[in-house]
Amino acid sequence: MARAVTNRRKAIVTVAAWLIAIAIFFPIFWIVVLSFKTEGNAIKDPLEVLTSAWTFDSYATVQERSNYFRHFWNSVILSVGSTVLGLIIAVPAAWAMAFVPGKRTKDVLMWMLSTKMLPPVGVLVPIYLIFRDLGLLDSRIGLVIVLTLINLPIIVWMLYTYFREIPGEILEAARMDGATLRDEIIHVLTPMAVPGIASTLLLNIILAWNEAFWTLNLTAAKAAPLTAFIASYSSPEGLFYAKLSAASTMAIAPILIMGWFSQKQLVRGLTFGAVK
Amino acid sequence: MGRIQLEKVTKSFGEVNVIPPLDLEINDGEFVVFVGPSGCGKSTLLRLIAGLEDVTSGKIEIDGTNATELAPAQRGLAMVFQSYALYPHMSVRKNIAFPMKMAKVPQDEQKRRIDAAAKALNLTDYLDRRPGQLSGGQRQRVAIGRAIVREPQAFLFDEPLSNLDAALRVGMRLEIMELHERLATTMIYVTHDQVEAMTMADKIVVLRAGHIEQVGSPLELYHNPRNEFVAGFIGSPKMNLLKGDTARQHGAATVGVRPEHIAVSTTEGLWQGKVNVAEHLGSDTFLHVNDHGLGSEPLTVRVDGELPVKHGDTIFMTPDTSKMHRFDDEGLRL
Amino acid sequence: MVVPYPVHSEPERPLMATQHSRAAARLMISPAVLLLLGWMLIPLCMTLYFSFLRYNLLMPGMEEFTGWMNYRFFLTDPAFMDALVNTLLLVGGVLLITTVGGTLLALLLDQPFWGQGIVRIMVIAPFFVMPTVSALVWKNMFMNPVNGLFGHLFQSLGLQPYDFLSQAPLASIIFIVSWQWLPFATLILLTAFQSLDQEQLEAAEMDGAPALARFWYIMLPHLARAITVVVLIQTIFLLSIFAEILVTTGGGPGTASTNLTYLIYMQSLLQFDVGMGSAGGVVAIILANIVAIFLMRMIGKNLDA
């Protein structure tokens, strides 16, 4: 029921909500502003920063000095690659758990999630050594594998909660209609689950894009994605605020936009369907 | 064509035995209704025939060949589901075409059958819509259309009308019966509604807890129920079941009298009672009578709709003893 | 490993229980299971094995069995206690700030106001910022005593500039991480608020319950499940905070902002002491289990509902 709210009250809430939102958003706003300033202007008083001249120089410098787009491209390959690979493994598994549940299905789901509870640092050493011996250190393929595995439980869980909402009778109807298992998954299940699969894809690209334990520890220069590239700014070299801002802006912009588009499904995905 | 035989079929889920050994024969072209209260195993039985579940033991023969191990699609059966189970991402046309696409039926033959089915089911104008844009009755017709084009040995219906409103249900009931007349294909129909069973079936199979209680034509079941359960389940309103002295007078543990087999008078009769509720349906009136001294359950009687009775009236009732059903202490017909 | 997580109650759909489909299901689930099993077991066994070896990458070929020595050194190292306390403070501090702040913020955003869509987008934004970016931005653009915005602010107020990251390193990191996770808590709690049955609140109002009582007796119990989920998921991620420490303080000064993850990282990959790092890894795994069990006990009853 829509309830009449006095405009006075609505105005107060509006002011409070906007103030808090601006405060929370301000750091992001600020790096975007700084990225369009010269290094000299970027460290000035905030008011002087805002009134100083705008320039694209920092973006050009970032690319020239450190081949920014290679790292950007690495990030794209790692996040999209690991998510697509994860989906290929997870769709059949989620089909099995959602539509042919057995006595142990719950346990398997719980156990899959429990692999997420394993602190990554607990297996850092062996993974590092295995990667070193297999020549996978600082390689994209190695990181795609790791990111696939760490996000696989989340992908399976998300797909599972989406698949469970598809009535089993429809798949049975397909079976009665003569569809093989392959037909059933390709022609019936997948098209019906497109929204769920899309939001799983989106959320996992976001998670993989921002992953900053394995990407920092297993890469050096060649395969380093943006997380590692940005981390290289942690040892300052003269004036670097504008360049850092430009690099950061480019690193977060694509994910921010994807995130905004997927915020409705995000809650569901992040809570494994427990909160809708 | 379409002859289905079950031999000693059982089904257990883990420890729970849902269907005890069960034999059943369904003849070609018959309209068979499985009826029973919820949880009686009627849907499970249908799913066993469809092949959506494995039998635990026993044999299913379709048309003389052993189908026990066959996958659902290979059994030549078509099923209409309770929820219709239409593919929401496909147009009506594609929904109906799907089984033919899977069976690799040539395009022009597909088109011919779709047009024929659409014409028969009044769906011609809706072929390019999605199921989501259709009403409940139309969706039901699409589901039936999808079943028809396969030209199956038999149709299986799993409570197909339970999601429709009352008025639509009567209409669809007639349509399905007409379809059966026209195609003369075997149909197996599951419902918990005994009215549907009585009006549609050639043969009714009454189930309780996986057991077949009785198999027979609607009128056989109505006139000669084999036991108390069938007697109470078939017929509306329910048969009055009386125990104690009344039953003993007739040499039985329980006697049953249908509401329509009790004559009512305001002046004299065998039994006397007080009207608690009078349900006026127009043509008929059903009286629920208390204080009749025959037991704690109220008696239900049917009287002519013209009879002016109301709550609190005292009436006299006389059962038609020739139409009385007698049961022994195990509930079996005497 | 024990995982406190709500699993849906028994499926209501009929089981498609033919031999054929069950066999297919087993086949289709096995790649995922085998991969995860390998991912979990192989490194786990190796960690366990290394933890009983004297094994330093700088001294190859010198590996030998040393029994519990690595554990003794790791557990008696004062840095371990510091790291443990820091880990708990970090996790606890961020949880407290984000759940309390998130609840209040969600309560506010659930009211009708102008510009809800834009405010929502602004509030959720920090969650999508990669950890290295947010840590570096806060470190340089805000907390830097000379050029940071806070420095400018203090100067304009005539105060001494304050070097947050060297004088209050852990608190600063808690603040940065809270900024990243507050949106997450807010978004989930807001979703939970929106699924609250308005008629329940109206019924309580009719019954004469004042606003505070309505919040306490109706809204908060409704939120219990969502809060549980927020605590759980954040704990999983917060126990492994790494990048934020790496790019801001490097664990310092001293061990003032070193958490367990960072300590083990230093031992393994900076000092190349594989044996000791592995012993630390085993300890971290055990502690994560204890937290998991503790969480399950504490909030288990919310999850069954």
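When the chains are written out, they are named A, B and C in that same order, and each has its own residue count from 1.
We take it that a residue touches a chain if its C-beta (ideal position, glycine included) is under 8 Å from a C-beta of that chain, and two chains touch if they have at least 3 such contacts.
Keep in mind that what you see is a predicted model, and the values were worked out from it rather than measured.
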Exercise. Which chain lies the greatest distance away from chain B when centres are computed from Cα atoms alone?
Worked result: C
Exercise. Nearest chain to the global Cα centroid?
Worked result: A
Seminar exercise, completed: Whole-angstrom distance, CA centroid of chain A to CA centroid of chain B, is 54
Seminar exercise, completed: Distance in whole angstrom between the CA centres of chain A and chain C is 16
Problem set entry | chain B and chain C, separation of their C-alpha mean positions in angstrom | 57
Exercise. Can you list the residues of chain C that touch 2 or more other chains?
Worked result: 14-17
Exercise. Hey, what residues on chain B touch two or more of the other chains?
Worked result: 52, 71
Exercise. Using the touch rule from the top of the page, what residues of chain A touch 2 or more other chains?
Worked result: 167, 172
Seminar exercise, completed: The residues of chain C that touch chain B in their complex are 14-20
For this session: Give every residue of chain A touching chain B within the complex, in rising order.
Result: 167, 169-170, 172-179, 183, 187-188, 191-192, 194
Exercise. Which positions of chain C touch chain A when the two form their complex?
Worked result: 1-3, 5-8, 11, 13-17, 21-22, 24-26, 28-29, 31-33, 35-36, 39-40, 42-44, 46-47, 50, 105, 108-109, 111-116, 118-134, 136-142, 147, 149, 152, 156, 179, 182-184, 187-188, 191-192, 195, 198-199, 202, 225-226, 229, 233, 236, 239-240, 242-243, 246-248, 260-261, 264-265, 268-269, 274, 277-278, 280-282, 284-285, 288-289, 292
For this session: Could you pull out which chain B residues touch chain C in their complex?
Result: 13, 43, 47, 51-54, 71
Seminar exercise, completed: Contacts from chain A onto chain C in the complex sit at residues 1, 5, 9-10, 13-14, 16-18, 20-22, 24-25, 27-28, 30-31, 34, 43, 45-46, 89-90, 92-93, 95-97, 99-102, 106, 108-130, 149, 152-153, 156, 164, 167-168, 171-172, 181, 206, 209-210, 212-213, 216-217, 226-228, 230-231, 233-234, 236, 241, 244-245, 248, 251-252, 255-256, 258-260, 263, 266-267, 270-276
